[in-house]
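In structure tokens below, several structures.
Shared chain: chain A. Partners: chain B in the first complex, chain C in the second.
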Partner chain A sequence: MDSSQNHRSPVFSRKGQVFTVEALLGSLLFMIFIWSLASFVSNSKTDSWSIAQEKLADDALIVLDKNGTLATLNSTLISQELARMLGNSTSFRMEIKTSNYTNSGFVNLSETSFGSSIPDEKGLSVAERGFISSFNGSVSNYSIARLYLWR
Partner chain B sequence: MDFVFASLIFILILGFTAISYSNYLDAYKITESKKSLEASALSISEALIKSTGYPRNWEQNVSGLSVLGLAGSENENVLDLNKVAAFNTLSYNTTRDLFGIDNDYFISIKSVDGISFFSKGTEYADNSSVAIERLVRFNQSICRLTVRLYG
Partner chain C sequence: MEMNKGVFVTLSAFFLALSLLLIVSAIADIENAKKKNNADLSDIHGISSMRSNIQWMMKDVFAVSGFTYAISNTTLSIEENSSRSGSLSGDLAALRTFWNNVAGKNKNVTLDFESNASTPVLYIRPLNLTLRQEPTDTSVSVPSYSNSSVLGYYIILETSCSSLSMQWNNITESSAPDALNVTVHVRCSNTSESRSDFRQLNRTGYSELQVLDAGTNLSLITIASPGSLEVKKSRSAYLNIMMPMNESVYLEVPASLSIRSGDSAYSGALRLPG
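And then the complex of A and B:
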């Protein structure tokens, strides 16, 4: 009886260690799978939010263009309208590059930017729109507005 | 003794992973459901503000309506008063069919200063609901069109 136990004990003990290592490895793989899934879930949350933010930036530029505010190139007026549209929870920065078309092609007239400083972090939405300004019924300037939004 | 120890570790790890898996699975289901709702709300808002609908003058004969859109002709983000009025005359179930959803919805148009111009559907408290806000021009005002879908 004693000799049988002495004979089986090391084998039994080794099998126990193998089971433990296998169980740990299996569980580790399973945990990696779960963590990957969790990471995917948290990333996919951000995606839909950023699409909605980009749509908001795009909408703001279209509305400013449609009601003629962009064409005024008046930074105070544009800032006031943007603040009304976006509310307190959303910050913005606007950049407007204006050119004139001459015989030698497009000539850069001015570059203005206003609004808050762009933060050095993720979650920034950008929209861009080209528009024209008219004077006495003819096109005087070509401009490109770029709007940055963040919360 | 080794076997009991190994089994204990295995059961503990298995229990922990099972609980983690269950938690993440629940979170994943909720996120996926919200993501799907957000995509539907975004798609509905996009169709309403960018498209005139089909046929283009559907507001003159709502019985022939096959695609719902509220934008004036060639005017993205500028809503047509007559189309919004015609949308209001459609039954709730008809509009759900046109949107291709089974969910309850609430759509409103409010000026950025808070004046309510239009609403359809019933708004109620629900944690599983999602809302998408779009900026539009309506009735000579800058407005927010909100599409809320309930899970």
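And then the complex of A and C:
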């Protein structure tokens, strides 16, 4: 038997190593490519969801304003209405700041907040709405409601 | 031969890596453009939402002061209750400060009323009619170039009174197709007494109807060329004026509004919601 049949030649051995290194580098490149794609797609999804959630927050505030619930400044009533509109999968926090207009400008009357604690993670949407309360044919208070939504 | 093969494999690997990098870079560009679009979309949505919020708050301030309106197809109906206690001009000034200094600070909101804000005025667009509304005097001014825009006035006046009478001090009637149809209905809120009158008036003439309560002046309604209306009241009353027009209209506040958010901005007139 020829000894070359039992032992691979150095040329074949080096060739194998080069192919292995190339295959590893190729796999690495391919993995980076797939990882980049996945990262872009997931970011894109987050952005679209964030916009949809922002609109949801805005619409919820409009409904609360138009049906007069916001003007009551009643946290229980507002929470019930929000829970009914948003369902169980969406959490919220509401902040309402009420001011009174005097000769020297706006004076802060009250600040109230209720709902769940705001998480630190991404995916938080916020909407704002101004509204008035009246008394005896005149505007008595000017308020801003800020609604935070997340999943 | 072996050498050529090696160079070929290396070049192929290099071009493959380069093409993958190019694809990733292209996708990154697309995603960045998408992100920018989303950010712009969010800004535009924020501006639109804030503009709508200001419009509705403005409508609410008018309603609190006793002035409400409704637009149905081509008919504008305004209601006014002059028994209000607050000052509309004061409330509008406060609203401007609220948006400019408090609620709209982050979005650079600038709301400015035209110079003569002490007399509450609204424009009826696109016909360019002016609606002036004060506790004792309500008027609709029609510009000469828009003389056939108002088809008629249906006026309801209700107040506390005892003995009603109506008399035309001046009247120029017309049977022409473009005559102004004017209906006046006055009723006493404390009794069931009421008076009504319907006339087809010449819109280029001058007509004046006086409403009296037990011989004293209660209201003076005048129609002047080219179809302008003025209703003067000597006491607090509920007033409803319905105006059929020759096209769809909307109300505009004499104010300018500008909102800036990110790279997007809005600047224009302040239209009241329909």
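The criterion applied here is as follows: the second predicted complex is superposed on the first by the 117 of 151 C-alpha atoms of A that agree within 3 Å, B and C clash if a C-alpha of one lies under 4 Å from a C-alpha of the other, contacts with A are read in each partner's own complex, and residues count from 1 in each chain.
The criterion applied here is as follows: a contact is a pair of C-beta atoms (placed from the backbone, for glycine too) under 8 Å apart; a residue touches a chain by one contact, two chains touch by 3 or more.
Just so it is clear, the model here is predicted, and its values are computed rather than measured.
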Partner chain in contact with A:Phe131 - chain B first, chain C second, else both or neither: second
Touching partner for A:Tyr148 - first (chain B), second (chain C), both, neither: neither
Chain B versus chain C as contact partner of A:Ala23, first or second or both or neither: first
First (chain B), second (chain C), both or neither touched by A:Leu37: both
Partner chain in contact with A:Ala52 - chain B first, chain C second, else both or neither: first
Touched partner set for A:Phe106, first chain B, second chain C, both or neither: second
First, second, both or neither for A:Met85, with chain B first and chain C second: first
Chain C-contacting residues of chain A that also contact chain B: 30, 37, 44, 47-48, 51, 55
Chain A contact footprint on chain C (complex, rising order): 2, 6, 9, 13, 16-17, 20, 23-24, 27-28, 31, 34-35, 38, 41-42, 45-46, 49-50, 53-54, 56-57, 60-61, 64-66, 83-87, 90-91, 94-95, 97-99, 101-103
Chain A residues within the chain B interface of the complex: 12-13, 16-17, 19-20, 23-24, 27, 30-31, 34, 37-38, 41, 44-45, 47-48, 51-52, 55-56, 59-60, 62-63, 66-67, 81, 84-85, 87
Complex contacts: residues of chain B adjacent to chain A: 2-3, 5-6, 9-10, 13-14, 17, 20-21, 24, 27-28, 31-32, 34-35, 38-39, 42, 45-46, 49, 75-78, 112-113, 132-137, 142
Contact footprint of chain C on chain A as seen in their complex: 11, 18, 22, 25-26, 29-30, 32-33, 36-37, 40, 43-44, 47-48, 50-51, 54-55, 58, 65, 99, 101, 105-106, 127-132, 134, 136-139, 142, 144
